[in-house]
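Chains here go by letter, A, B, C and D, matching the order in which they are written, and residues are numbered from 1 within each.
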C-alpha cells in the first residue's frame, strides 16, 4: 500500500461511516452501530499502522494543489500522532458511551453522522501539513460541531449554538485574514519544526506580531482563551457525549493544538521569543488559568463547573508553550493528551449521573458513592488527576510545567501553578467529600430497568479513569505521550 | 405627492438626457467607413439589390433569425400572462364597415405581398409586410367577429413557429455547403424570397395573435 | 468538428423551443431532452476551447466587420457550461414540481433562455448581444409571470419595464458606438476605440443598462419580488443564470472595450460593497424564505462587482479575476441549489413564512442538507467555491492595500453567516407538528436530490479549483 | 424642408410629453396613436419607408388597438383608474 493512501484511508474511515449513517434511517440501530464501530476500529488500525511506519522511519505525506497559490498537504509527524491517537481512542469511548446515552431518542443518525464528521475534522487537523490545510479542517470542525451542540433542540441549546457560531465564525475570519496575509508574504509553505517565517520573510517585527495576534484570536477562540471563552460554558446545553468530546479533543484541543503548530512550526520558537510573542501567550494563559478556576469555584451546576475547569486547564497547554524551553513544551504536549483523557472521564460520569439519577447540581451529589460506586470512583480518580495528585496523569503534566517554569526562572509562574492547583482542589474536593462522606438524599432514579445501559454508560468512564492512572504510572515508557513529546521536543530544540 | 415628485424628476432627467444626446449625436463624425465599403463590395453576392434587405437577410441574417425568435417568444410570454377571465371582445359590426372591410382586406393583403416582393430592390420586406397583414387581420376581426375564422390551436401554433422553423432549416441546409446561413450569388435570392414569404405569414399570424389572443380569452 | 458546434448551439435551443411550444403536452420531455443535448454540446465546446487555439465562427460566411462573428472565450464558455448544467437539473426538477399548464410554458421559455445565453456568452457582435439580451429579458419576464398570483404579475411587470429600459439604454450605447466607429465587432473595435465624449457616453449608457439588468444595489428594486414570487425552478434559473449574463457582459466590456477612468471602476466596486450590506441586512430581516434567498442574491452580486476595485491595480489582476470567477460559479450553483431545496421545503410546508419552517431538518433532511451546503459556499467557508473566491478577494485586497474592501469582505461574510445560520438553526430545531410527514410525496425525492447535487457541487468543485484556474488561464 | 423637420420634432416631443403626463388614460392612448403616425412621417423624412410602414401598422395600429381594448375592459370591470 502506498504511504499516501493510508492518510486518505485514515480520513475516510470516519467520513464514509458518516455518509452511510446519514443515509440510514434513524430506526436501523444495529446497522448504524456496526458501521460506526467498524469505522472506529479501522481508524485505530490505521493509526497503529502509522505508528509502526513512523517507528521504521517511513514518510507519510500527501500533497495536492488546491489552487495555484495554496495546496492541501497531509503529513504525519510525531505531534500529529499524538493528537490523532487521542482523537481516535476517545472516539471509541465516546461512541460506546453515546450509544447507551442516546438509546431510544430521536435524530440519532444525525447525531452519529455529525459526530463521525467531527472526528474526521480533528484527525484532519492532526495530519494537516500546512496552515492552509489546518484552516480548512478547522472550519470544517466548526460546521460539524454546530449541529452537535444544537442536538437537544432546546432553547438553551439554540442560544448556545448562536453564541458558539458567533465566536467561531468571527474567529475563523480572523484566522482567514491572518492566513491570507501570511501566505502572501511567505508563499505556500509546509509546517516545519523550527518554523519557516524567520527564514523566509524579511517582514517587520510589528507585522509579524500583528499577524500573531490575529492568529491567537482566530485559533484561541476554540481554545477558549480568556476574553473569548464565553461559548464554552454555554455550550454545556449540549448532551453529555457532545460536551465530552468538545472538551476533551474536538474543539478546545483543536485550538490548543493549532497554537502549538503556530508557535513551533510556523514562527519557530526562537523567533516567537525574540518577537515577544511568548510573553503575550504567557499573559493570556495565566489570566485564563486563574479566571477559569475562580469561575469554577462559583458554579453550582456540575457541567458548568467542568466547563470552567476546562477553560482553565486548556490554558495550561498555552502556558507550556509560552515557557521557552524543552521542559515546558513537553508539559504542554503531555497535558494535551492527559487533560483530554481525564476530562472526558469526568464528563462521562457527569452524563451518567444526570442520565441515571437526574443529578445536575452539586448539592445533589451527596452520598452518591453508595448508590453508584463505580461511577463515583471514576469521577474521583479523574478529579484527583485534574488537581494533579500523583500518580495520576495530571501530576506528570503539571510537574513538567513546573520544571519548565523553574528552568526559565519564572518563579511567579510557579506561584500561579500552585495557586491554580489550590483552586482546583478547592472546587473538586468538596465534590468528592459530598460523594463519599455525606449521607445520600432522596434520589430521583429514573431507569431502574435499563441495566445494560448502565453498564455501557459506566464502562467508558471506568476505562478512562484507568487510563488516566496508567498514563501517570507508565509515563516513562517509550510510547507514552511523554515519550512522544520528548521526541518532538528533541527535534524542535536540536538546533 | 410622491408621484408628482417622481414625475418631475423623470421629466428633468429626460430633458437633460435629450439635450445631452442630441449634442453628442450631432457632433459625431464617423471615423471609419470600412464596413460600408465592405458592404458595397459584397452587394453583388447578396442576391438582392437593396442594402437593408441584404443586411437583414444575408449579411446579418443571424440577427434576423434571433429577432424572429424574439417575436415568437413574446407570444409565448403573452401566453404566460394569460389571465383567467372571460369577456366579450370589442366589435364594430355594421353594414357600412362590413362592406368597407370586404373591399379593404383583399387590398391590404395584396399590398402586403407587394411590399414583401419589392423588398429586394427598395425599402420593404417581411417585417413591414407582416405588420400590414396583421393589421388587416385585426381589422377583419374587429368588424366581422362572427364570420371570423379561427383555425385549430395546433394549426395556429404551426403557423406561429413556421417562420423560425423555416429559417433554422435553411440554416441547417446551408451548413452542408458552408457555414450557418451561408448562401451566395445565384441561390441567395431564392432563399431570401422564400424566407421572407414564410416570415410574412408567420409573423403576421403572431402579430395578429397578440391582439386576438388578448381579446378572445376563454377561461381554461 | 468544433467549428460546427457554435451553429449547433444556436439550432438546438431554437428547434427544441419550437417543439416544446408546438407539442405543449410533451413539453417536459422535449425540455429535458434539450437539457441533455445542450449540456453535452457545452461540454464539447469546453473541450474544444481547451484544446484548440482561439477561433471565431463567421455566420453566413461573411467576415467580421460585415457579418456576425462568434468566438468562444474561455471564461464565457465555462459559464455557459455551468449554466447548461444548472439548466438540465432545473428542467428535471420542474418536471416534478410544476403543474402541467405551467410546464407547457416553462420549457419553451427556458429553452429560449438558453438561446439567449448562447448568444450573450459567445457573440463578438455588440448588436447580436443586444438581441440576446432581449431574448433573455423576455424569457425572464414570461417565466416570472408563470405563478399567476397578483403579486407575481405585478413583480413581473416591474421587471418588464426595468429590463426594457435597460435594453433601450444598451441599444443607445450600441447606436452611438456604431455611429462613431461604423463597427459592431468587439475585436474590430478594440484597436480603434478612443477616449472621447461620445464613446464615454455610450459606455455610460451600457453600464447603466448592465447595472439595472444585473440588479446591482440601487437598481436592484425589481429583483427581490420577481425572484421571490416566481415558481421555484424559475427562481433558480433567474437568479443563477439571468443576472450572470449581464454581469459577464459588464466584465467583458470592462476588460476589452471600456476605457475606464479609475474612479468609475472604483465607483462600481463601491456599489458592490453597498449591495453586499444592503442585500445582507434585508435578507436578515426578511420573514419570507424565498425573499431571503432573493435578497441574498442581491448581496452576492456585490461580490461579483468587487472585481472592479482591482481591475487596474498594480497587483496581479489574475487574482481578482479568479476571485470574481469563483464567486460567479459558486453563486450559480449554490443559489440554484438553495432555491430548489427551499422549493421542496415550501412545497411541504405550504407556506413561505420562515417562522413556520421550524424543524424541517427532520422532515426533509436532504433539502436542509442541500441548503446547508449552499450556505457553506455562500458564506465562503472552506472548502467551497465561495471560499476560493473569498480567499482571492482577500489576497487582492491585502496586496493592493485596499483596507476598505478587506473589511467589507469580512463584514459581508459575517452578515451572510448571520442570516444563513439563523435559517439553519431554525431548521434544526424541534418540528412544530409531526403531521408534516404525511405531506411528503414520492416525487420529492427527485426534487431533493437535484437540489442536493447542485449545492454539493458548489462545495465539492472547490477541490478542482486548480484545474479550473488552469483552464481559464 | 428644415421647417417641416423642426415641426415634426417639436410635435413628437410635445406628444411624448403629453402621453407621459396626461391623467386621463383614454386621452393618452389617442395621443399615443397620433404619436405613432407622426413618427411614421419622421421615418419617411429619414428615407426609411419600411420602418414608416411598420410603425403605422405596429406602433399606431396594433398597439393602439390593444391599448384601447384594455381600457374598455378596465372600464367594464369598473377600474377606470387602473
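The rule we apply is simple: a residue touches a chain if its C-beta (ideal position, glycine included) is under 8 Å from a C-beta of that chain, and two chains touch if they have at least 3 such contacts.
In this text the structure is predicted, and so the values were computed from the model without any measurement.
Colleague: What are the two chains with the top count of C-beta contact pairs?
Modeller: So the chains sharing the most C-beta contacts are B-C.
Colleague: Which chain has its C-alpha centre closest to the mean of all protein C-alpha atoms shown?
Modeller: Chain C is the most central one.
Colleague: Report the inter-centroid distance (CA atoms only) between chain B and chain C in whole Å.
Modeller: 31
Colleague: Please report how many Å separate the Cα centroid of chain C from that of chain D, as a whole number.
Modeller: 37
Colleague: How big is the gap, in whole Å, between where the Cα atoms of chain A centre and where those of chain C centre?
Modeller: Their C-alpha centroids are separated by 43 Å.
Colleague: For chain A versus chain B, what separation do you get between their C-alpha means, in angstrom?
Modeller: Spacing between the chain centres: roughly 73 Å.
Colleague: So what shape is it, when you link every pair of chains that touch: line, ring, star, complete or other?
Modeller: line
Colleague: According to the definition already given, which pairs of chains are in contact?
Modeller: So, checking each combination of chains, I get A-C, B-C, B-D as the touching pairs.
Colleague: Under the definition above, what is the set of chain D residues touching chain B in their complex?
Modeller: 13, 17, 20-21, 47-51, 53-54, 57-58, 61-62, 65-66, 68-70, 72-73, 76-77
Colleague: State the interface residues of chain C toward chain A in the complex, per the touch definition above.
Modeller: Counting only chain C, the residues touching chain A are 319, 322, 359, 361-362, 365, 369, 376, 379, 381-383, 388, 390-392, 394-395, 398-399, 406, 410, 413-414, 417, 421, 425, 428-430, 462-463, 465-466, 469-470.
Colleague: Which residues, counting only chain C, touch chain B once they are in their complex?
Modeller: Going by the criterion above, the answer is residues 4, 6-7, 10-11, 14-15, 17-18, 21-22, 57-63, 65-68, 101, 105, 108-109, 112, 115, 119, 127-128, 131-132, 134-135, 138-139, 141-143, 145-146, 148, 153, 156, 172, 176, 179-184, 192, 197-198, 201.
Colleague: Which chain B residues qualify as touching chain C in the complex?
Modeller: Going by the criterion above, the answer is residues 20-21, 24-25, 27-28, 30-36, 38-39, 42, 58-63, 65-67, 69-70, 72-74, 76-77, 79-84, 154, 157-158, 160-161, 164-165, 168, 171-172, 175, 178-184, 220.
Colleague: How about chain B: which of its residues touch chain D in the complex?
Modeller: Within the complex, chain B contacts chain D at residues 7, 10-11, 18, 52, 87, 89-90, 115, 119, 122-125, 127-128, 131-132, 134-135, 138, 142, 207-208, 210-211, 214-215.
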